[in-house]
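Think of it as A, B, C and D in the order they're written, each chain with its own count starting at 1.
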Amino acid sequence: MTPDLRVRIGELELKNPIMTASGTCGYGDELSDYFDISILGAVVSKSLTLKPKIGNEPPRVAEVACGMLNSIGLANIGVQAFINEKMPKLNKLGALIIVNIAAKRVEDYVALSEALAGNASIRGLELNLSCPNVKEGGIEFGTDVRTLSTIVKRVRKVFPRALVVKLTPNVTRISEFAKAAEAEGADGVTVANTYVGMAVDVYSREPRIHTVTGGLSGPAIKPLTMAKVFEVSKAVRIPIIASGGIFVWQDVVEYMIAGATAVEIGTALFTKPDAPAGFLKSMGEYLSHENVSAVSELIGSLRAKLENVPHLKRG
Amino acid sequence: MTPDLRVRIGELELKNPIMTASGTCGYGDELSDYFDISILGAVVSKSLTLKPKIGNEPPRVAEVACGMLNSIGLANIGVQAFINEKMPKLNKLGALIIVNIAAKRVEDYVALSEALAGNASIRGLELNLSCPNVKEGGIEFGTDVRTLSTIVKRVRKVFPRALVVKLTPNVTRISEFAKAAEAEGADGVTVANTYVGMAVDVYSREPRIHTVTGGLSGPAIKPLTMAKVFEVSKAVRIPIIASGGIFVWQDVVEYMIAGATAVEIGTALFTKPDAPAGFLKSMGEYLSHENVSAVSELIGSLRAKLENVPHLKRG
Amino acid sequence: MPGNCFLESAIIVQTREVAESTYITGLKSRLIAPLVTPGQFLMVSFPETSDPLLPRAFSVCDATADTLSLFYVAVGRGTRRISKLKPGESLVLNGPLGKGFPEMRSAQKIWAAVGGSGAALIPILARAASKTSADIHFYYGARTGKQLVGFDEAANLEYATDDGSKGFRGNVVQLLIEKMKNGMPDLLFGCGPTPMLISMQKEFGARVPTYLSVETPMACGMGLCQGCPVRKAGKKDYYLACKDGPVFRSNEIEFEADL
Amino acid sequence: MPGNCFLESAIIVQTREVAESTYITGLKSRLIAPLVTPGQFLMVSFPETSDPLLPRAFSVCDATADTLSLFYVAVGRGTRRISKLKPGESLVLNGPLGKGFPEMRSAQKIWAAVGGSGAALIPILARAASKTSADIHFYYGARTGKQLVGFDEAANLEYATDDGSKGFRGNVVQLLIEKMKNGMPDLLFGCGPTPMLISMQKEFGARVPTYLSVETPMACGMGLCQGCPVRKAGKKDYYLACKDGPVFRSNEIEFEADL
């Protein structure tokens, strides 16, 4: 018996829990050199902004222990070019498409969502709230619960399909942000974006990426995001999409056991662009071996006494 | 010309910036099998509590990518046994001793500090504020600025020598906590303790450490703590002691360039208990090669345009 | 004990596959080898990478004046990696660590039950016993005959296999129960999987002076991290496996309930 | 371009040290080798470890029907690791990636300036030129003669060394300036350290059709990450080195000011 791999994010049914992460799969079509992207649960686009953005000066990437720092600066072709040039290609490739958007002003999130709402083959929206809020003196949208609520409330009004809020992990208690997203009607939360990190060249004494600090991704962050997925799973009922350091199929299973409904593969694609195909195969074998008939049975199935968890007691 | 390695934390002069981290060097004497611990800037004791503590149930440690999770639960012999049994040994070994203390109530921090103030060969105190505050429903002391201020203020009154506050990194903006410590008269801050992390065994579906979540240490966290050291260095004038993922001598230099005055070696000791001796040698060679006559010249010497740093703009 | 433990970069002499994914690796060790007593262990680490990060614990399988060997089952990344190293390549050893089995005395009758990677102790125990003229018998258990490794060092050795494919049919504890019908040893040693140790504690702990070598996760092996607690019998307190053990008198410890 | 790039596990045939910490490693490659054009590159990754994590970029040094080679200087952990792999061990290759040098036409007079690891391109360019009967001359610079590697593949090759220990005394750009006094090539190629490329752009960019192979940090090499920007000449915009390059027409790009 082949295990049932389907999972749901709100009304959106994914054929399996494996998605690609925003900004790590180009616009999706680049991956089709390596495997058939229609086998994925979903492809998540690079963060799109209203106007095209050229991004930050180099260096934009640097390797660190079991991870990398990036500071791309949201380089992207803009929402219109994406709809006109990329959507037809992606549709032809048979991919289920979720579009990730980013902005520096609340109004721009709304404008972006309106622009995308009309295209029915955009099956879901993921809000990247990790950008500096220009009005509030550069505080990240995602580190202020009030602003997050406002954005989700307003986007929810204009976008009728699956709405997912991608949370930043750089906060004291991420579950508060997840609860706010749930309260405003989000269908799911992505836990989480990258962690603020930094590296220095000891000879030049310069930072190894132009913006000094950048986002840490890769296996290094997996235990951290795992703890956050677990925390959020105890705080909300909407599905969680886990994103952080998934490099082997076991990581997918770990995240689901900890409470995730789906996962996003990011940095792993840089080394193994066909990794999602391998994960799907191995997951199937694992489920059969463990006599699990539906992957959804894994979700939140951690065997643990909650009274032992200091991290949760805090909340 | 041999470079001058001395650095200062308040009135305390260290012969060099290399210290061992609390909880990773036993009580200090265990290391003397491997090298002469009197060559260190300082030895920081395991966190001591008023009464001995047996600690958490196993498993207490688990390896993850480029790091480890721990949940020791402050197992320690208690402050009195430390003073009576360990201090004489450490004094004989010629180590400069900083004692780290932890408690679940503000009064206990004060009582511990009083007990230690009388012993002049305890040259400094490091406050571990990562424990759950029993009175405030289990919130970590270190994640609430008000409580941190209260503890530092009250300890400052009873402990006359170097007072260092060890900050938890599990907060949105660590520099606020550093500022509060500085305002209440701390001589320095340690940036930072471990990060909340988690790992799961996919076959048993059990957490890999008993308390489900634990503290992540090792190279995985170095870029994160580096960014926090940099952030704090822009916010306070008191010295910063960096602690997080130092595994090679370059890491020591990176932290100092980012703004640290001294560093603590932690998890690296488990693989290479004599690592500090090697770092001292290599640091000396680096300084000579770079024509730096005093190690203190490295502190905060990062060559970077601050207007490029999104992370700082937030504050 | 300053000066009794060493960090040593040790050159690999050879690695033999002695059973399915089971290896013995011999290393040159000038500093550590001469000091090891049976039941002591080493922490083995890998130069040039942070992944795997932590050192791995291994009992010393045998030790002479300047060489020692490890006996291990390739279960994960660390052990697989060691098994693939070529002669001439090196590993970093930290040891000898911990407290081993009690010293054996002349004519003492000792039974040692071993299983899985616990068989590592056969050569070093046999050598120590012959040195002090102790009378040691080994009882070596496995699921099936194919997993058993032949050790020439042990003169008196009996096998137990679950499937009866070699020696006694049943586990090693059942074999010992049989044997005890005809007389008791002076000392009983146990080294193997935790369920085997638990069962030895239950069956023999009260009848024979029994010493068990326990396995717990370890981050440092030197008493630095407090990561390796072993419950003290009847007390709300812990030993550290790495400093107080790994060998404990059976009646001094309790195993965790959920094991 | 679906179907034009491959992930391939390639077996190492041999590794030779050709100059101080400089190596050529040959690999069996059935899928990628037949497709490579000069100037294209591969991303090379390491199975079984997350440290190093990211793949490393290497130009293809030479490629035949089923083998290809890499020419590299062991500067860091990735390159050191590759240099130590034994024949029979494998590496994962992703390629061929990027846009290489323009196709050479018969009788076209082409000068290729190379330095450092840019010398990797001598064999593959020589092979391609001979196939189309283009007339290619190589100018190969280094600090000192000891760093120069001999390539039998190149019929016309002149050296430049800073210390004059071999060939022309001076850098390769100064050598080209000398040569141009007696006539100009139809095309000029450059591959080497960024300062050399900057100097070629300044000296020759306006006078000769010049193509430069740029090196930037790369995380993916496939256009997935946007990590490898190269400034478009005269515009507030970037190319991606991995997809739009690594070879660019000199007048299309600007180098970063602080390099």
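Here is the rule we go by: a residue touches a chain if its C-beta (ideal position, glycine included) is under 8 Å from a C-beta of that chain, and two chains touch if they have at least 3 such contacts.
On a predicted model such as this, the values are computed, not experimentally measured, just so you know.
Just knock out chain B conceptually, keep positions unchanged, and give the connected chain sets.
one piece
From the C-alpha centres, identify the chain that is farthest from chain A.
C
Just give me the whole-number Å value for how far the CA centre of chain B lies from that of chain D.
Averaging C-alpha atoms per chain gives centres 46 Å apart.
Return the distance between the CA-based centres of chain A and chain D, expressed in whole Å.
Computed value for the inter-centroid distance: 36 Å.
For chain D, write out the residues touching at least two other chains, lowest number first.
Where chain D meets two or more other chains at a single residue, that happens at 50-51.
Touching two or more other chains, which residues of chain A qualify?
65-67, 219, 247
Is the chain-to-chain touch network here best called a line, a ring, a star, complete, or other?
complete
Tell me, which parts of chain D touch chain A in their complex?
1-5, 7, 43, 45, 50-55, 92, 94, 216-229, 236-238, 256
Give every residue of chain D touching chain C within the complex, in rising order.
Where chain D meets chain C, its residues are 48-51, 77.
In the complex formed with chain B, which residues of chain D make contact?
Against chain B, the touching part of chain D is residues 50-51.
Which residues, counting only chain B, touch chain A once they are in their complex?
Per the touch definition, chain B meets chain A at residues 64-67, 69, 71, 132, 137-140, 143, 170-172, 195-200, 202-207, 210-213, 216, 219-224, 226-227, 230, 245, 247, 250, 253-254, 257-258, 286, 290, 301-304, 306, 308-314.
Help me check something: in the complex, which residues belonging to chain A touch chain D?
Residues 23-26, 30-34, 46, 54-55, 57-63, 65-68, 70, 72, 75-76, 218-219, 247, 267, 269-274 of chain A touch chain D in their complex.
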